[in-house]
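This report refers to the structure that appears directly beneath it.
Which chain is which? They are A, B, C and D, in the order written, and residues in each are numbered from 1.
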Amino acid sequence: MNLIMKLAWRNIWRNKRRSALTMAAISFAVMAAVSMRGLQIGTYELNIDNSVSIYSGYIQIQHPDYYASPSLSHSFNPDKKLISYINTNPHIIAFSRRINADGLISSGENTFGAMLTGIQPDAELKVTTMLDKVNDGEIFIRPDTYDILVGYKLLQNLKVRIGDEIIILAQGLDGSMGNDRFRITGTIKTGAEEFDAYGVLVGIETLQEMLYMHNRVTALTIRLDDVNNLNIVSDELKPAAGLNSVLTWGNLMPELRDAIALDNISGILFLLILFLIVAFGIINTILMSVIERFNEFGVNLAIGMPHYKLVLVVFAETVLITITALAFGNILGFAINYYIVLNPIQFSGDIANLYLEYGFLPEMRSSLQISMFIQTSVITLIISLLSAIYPCVKLYKLEPLKGIRYT
Amino acid sequence: MTKNLLINLAWRNIWRNKRRSAVVLSSIIVGVAATISMDGLTNGMTYQMLFNQINLGTSHIQIHKTGYTDNRLVKNFIQGELQLKADILRLPGVKAVSERVVTFGLVSSAESSAGIYVYGVDHKAEKRVSAISGLIKEGNYLSGAEREVVVGYELANKLNAGLGNKIILMANDPSGKIHSDVFRISGLFESFSSGFDKSYIFVNSDDLQNMLGLGNSYHELAIIVAEPSLAESLKSEIRSAVGSDFEVKTYRDILPILVMQIDLSRESMWIVNMIIGIALVFGIINVMLMTVIERIREFGVLMAIGFSTGKLFSLILLEALIIGLSGTIIGLVITGLIHIPFSYTGIDFSWFSEGLVSLGVGAVIYPVVSYQTVLLTIIMTPMIAVAGAIYPAIKAIRLQPVAAIRHY
Amino acid sequence: MILKLSFIIFFLNASSLAQTAEEIITKAENAIKGKTAKGFVSMTVKTPDYERTLKMENWWIGNEKALIVIKSPKKEAGNKTLKIGNEMWNYLRNTGTTIKIPPSMMLQSWNGSDFTNDDLVRESNLNEDYFIRLIGSEAVEGNNCWKIELTPKPDAPVVWGKLEYWVSKQEILPVRVNYYDENSKLVRHMLFSENKKFSGRIIPSRWMMINDLKKDHITSFILEDMAFDVVISDNIFSFRELERGD
Amino acid sequence: MEIIRSENLDKIYKDNWVPVQALKNINLTVKKGDYMVIAGPSGSGKTTLLNLLGALDKPTSGKIFFEGADISKKTVKELSGLRLNKLGFIFQAYNLIPVLSAIENIEFSLMLLGKPEALRRKLSLNALRDLGIEELANKRPNEMSGGQQQRVAVARAIVNDPSVVLADEPTANLDTATGSNLLDLMDEMNRSKNITFLFSSHDPQVIERARILIRLRDGQIESVQTK
């Protein structure tokens, strides 16, 4: 083995230029893959974070039937054990209680259907950004007042102004028609059409009283320190949640999940093609470098070196070149990604406005996720080794005489 | 020495060492095939999304009464007496126009009910504008018979209603009064979008107009033009023709996010092509370099017999150019041979992602190659091949003839 | 006097001998609804999640107009529902406002019951919307009944595929109604029982609607006091009346 | 003592359009201590014969016995082992592994044999000393002249004390003086150490030194001279 490594190492140095070019090609591919992938993953994270942060949160705990049939009868009373578990989990930054209910909002002539969300303003500020999306007016602070925030389109449709009073009507948990008079303190603009046209934020205690919910909620919404801890935390939460279901953002926002899945496909397609080209480059380089040395290899075989040792030398060369290239590629890729993480690519002009209009952030960010570097490296190494197979098969079939005589 | 001789020499050199040429050629062919297939799939995917949306009813241009987009009320109708349809049909480039009565309503069966968008259409005109009639999986599309309704599979399941079953449709008229009427399911459609299948139903416009007391008024004019690129210019033409009482919007206005995504992915194709190009250059430099080194002796002889360094340089680049051109052509032919059947049959990606269906793409992707990419490939690939040969060529002309001849 | 008597005899004969299915249904329906009606009704809603009882005062003019005022429990007392034709308004005492139920809310449950707002609005005229056919006699809960089948007319905007209506032969009162979908699946049924005498008229005082698709969803009405065919001022079905707090 | 014996060797190349009879009915014997040269003009079949005798190629018909054993019955692996253990090779070009220094090149076959390091060192240094090129020990082939490279090749060929050293035109790429020096060295080794040498060459310098000279013409033995 020692001998093989020595030969391989020296062979690489013997033809510095060719080795350097091969390394450069692989490094470039790794760098391109890592930075493209980083941009994708980073932008996904950004979009997930942005979309998830507005309303749904990363994880919600719900009554097991609420997802299929969202009605107040599928609300639950979070027990102390669950709350204290959530409070002690190191990956959970904050959580909030929520009630979602359908209702009517009415001002004199105009009545519209409304999506009522009962919130604890102080907790909600730590969990989601919906209260940061105040367009006009101001947020209410206490969960037990008759102040509300409404979507900015809803305000227009109701033909009322901030400060005006409106009536909300909704069917309570006991089937009774809860109704009360509320004062609009401000409007929200999230970019999500549904929310802007139908969303109403109410203090949770007021809503619980109006809908005869006592301490029941329809969801506990949880904010994580890092989206990458999603699966860990959701698995950890399951036993504490008991019969209640633990839903992740993918369940809560399937359109976003699907949109990302679609974009991911084209990203992976790109990487496939990039690696295909690099693989071809590697095959050709190794093939040429093997063929070029057929005379030399022929002599080696003639003096009694077994074929497999020659093949191992070529494989060792490939591995050494690839590993060196991986180091360079990953360092470069990391540097690029690190730069983009610190200085996200900002869109400007029409596209930026359009993005903002629909609630997306007009920027692209990168990622430094370790698994991405590892995956890319492993794939590259495998591709390199696969690429070495064909040249090595040719080498394995080489007869000593043919090698010596090869021109 | 004439130029022809140089070409002749280059050509013979290429053929003399078939293996070496084949290696370079294969790199280029793979590069060409990869670039074009990538473009084909990405375009196919995005165009399909757009095309599907347009076909599902967005159409190329829509006309509404001013204010309709902000408040989709039944009372924001276009008066039938205006004969807008006839005027628009006369415009050059317009292929088909359909008048649609659109309202939000409730459908109910004995078991369940749902809020839906009801489209009242003239089945003959609508068939030329939207593809719903082609998506019927069971029963038939509207035929003009009374009280027919076409609903999506998902909705039918929710209502627990099948072909021939009746559903009750309820909606309010322009004055706000609620009307209900009975319809019978004549057809079930299934589009790529489960969201669409859940929330859109189609009836004959006469029935809906009668139910809502609309006379011959309607809400939406959907227009299909000969070429999507004509939409923008026709929009301004129509706008000046119909005046400010009406909103004229193209699919680009109606589907901004989708259009933006397509534009963005087209932009990013340049970056992608560039990266692929650079990856290709590395491969080509390597192989070219090795072939130059292999031939040092031969070059030494050429120089010894009086070949100038300039000519040698040109010779190497010329060889690269010839291989680059042939590789591009062979690559295009091979890609074409693969691409053309697939552009008819499509490639089934359902094994790859279930998400495709729900995203409005459909599981089967029909690759669409843009002529820009083909053109770019034809121009760029031979240039990349030549670029890859520059460094090796410089190496070659720096050789001392005597040292080169001795080299083995 | 004789004339009047003979008239009655003629009527009795007609009712006991040569009744058509339409006449039976009309009689049964008229018996429990009258041209006009007013009275006190308590409604008990039972679901797996809750059970509650509302006491209400009602005024009806056929299927056309209705006013329902909730008397208890306290928190809902004073809430009113007004129906005129196809439209509905809710008066909320708590906030002193009137809300017109928009079409999108028509499918919401009415006061937590098994009835939707739409059910109240759409309560149809059986003679107008259905072909009515006597299909036999059957004993239901000890009552000798006519079994009548009602199939909707093609254009009638009713969701049902078929109704089966049992009317007691003796009192000519409804005993049971089955509601089927178009595939002849039983969706829900209504049971009438506990006949009582209200202002000279004997009618069932307990009406129970049982959902056959959702388990344990039952809404029952108990008529506590009813008066039929009394004169009801049209003024009662006005917004002014609606918003007049008691 | 007989090392290699051939019986009725025929070799026909069929890779060309017309089959070429490269060797015809060759019978010869190489004995321990021989200094044998196979000579003949270009295309007479001398390299082919050398390759057959060196177990690098297989005859079309006939047999080759190496130390009494029929090598046609041996597997590829056994042949490789045979070459490694019993044979030393010197070629006209591409003789050395370019990435290894002189001493490493010499050690190379010992390494393949799995000899311990100390022994390898000792044997290799001895071989270098025998050829008078100790000062080249740590040089790479591209730092040496052609003659020096060939000396290293000889050192590598003899280091393992092979039964026979086969040299295919060892002087072909050398000038006369260098070639003469190299041949003197091999002559000396044959005499002092009784190493068996088998050459193929048409170089008069080589032929002149032959103790057994076999002349080939058109694939057949034309004459055998013993000096």
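As a working rule, contacts are C-beta pairs under 8 Å (C-beta built on N, C-alpha and C of every residue); 3 or more make two chains touch, one makes a residue touch a chain.
This is a predicted model, so every value here is computed, not measured.
A.B. asks: In contact with chain B and with chain D at once: which chains are those? Just list them.
C.D. replies: Chains that touch both chain B and chain D, as defined above, are A.
A.B. asks: Expressed in steps between touching chains, what is the minimal separation of chain B and chain C?
C.D. replies: Steps on the shortest route: 1.
A.B. asks: Please indicate the chain closest to the centre of the assembly, with centres calculated from CA atoms only.
C.D. replies: Central chain is A.
A.B. asks: Going by C-alpha centroids, which chain is farthest from chain A? Tell me that one.
C.D. replies: D
A.B. asks: Chain A to chain B: how many Å between their CA centres?
C.D. replies: The answer is 26 Å.
A.B. asks: Give, as an integer number of Å, the spacing between the C-alpha centres of chain D and chain C.
C.D. replies: Chain C and chain D have C-alpha centres separated by 116 Å.
A.B. asks: On a C-alpha centroid basis, what's the spacing between chain A and chain D, in Å?
C.D. replies: 67
A.B. asks: Could you work out how far the Cα centre of chain A sits from that of chain C, in whole Å?
C.D. replies: 56
A.B. asks: Hey, what residues on chain D touch two or more of the other chains?
C.D. replies: Residue numbers touching two or more other chains: 93.
A.B. asks: Which chain pairs here would you call touching?
C.D. replies: A-B, A-C, A-D, B-C
A.B. asks: Quick check: in the complex, which residue numbers of chain C touch chain B?
C.D. replies: 85-87, 103-104, 106-107, 116, 118, 121-122, 152, 154-161, 179-183, 185, 187, 213
A.B. asks: Report the residues of chain A in contact with chain D in the complex, numbered from low to high.
C.D. replies: 3, 7, 10-11, 13-14, 295-296, 298-307, 309, 400-401, 404
A.B. asks: For chain B, which residues count as touching chain A in their complex?
C.D. replies: Touch residues, chain B against chain A: 19-20, 23-24, 26-27, 30-31, 34-35, 37-38, 41-42, 45, 71, 256-257, 260, 264-265, 272, 275-276, 278-280, 282-283, 285-287, 289-291, 293-294, 349, 352-353, 355-356, 358-359, 361.
A.B. asks: Under the touch definition given earlier, write down the residues of chain C that touch chain A in their complex.
C.D. replies: Those in contact with chain A are residues 45, 47-50, 52, 73, 75-76, 79, 90, 92, 94-95, 97, 99-102, 104-105, 108-109, 111-113.
A.B. asks: Tell me, which parts of chain D touch chain A in their complex?
C.D. replies: Touch residues, chain D against chain A: 51, 54, 56-57, 77, 80-85, 87-89, 91, 93-100, 108-109, 111-112, 156.
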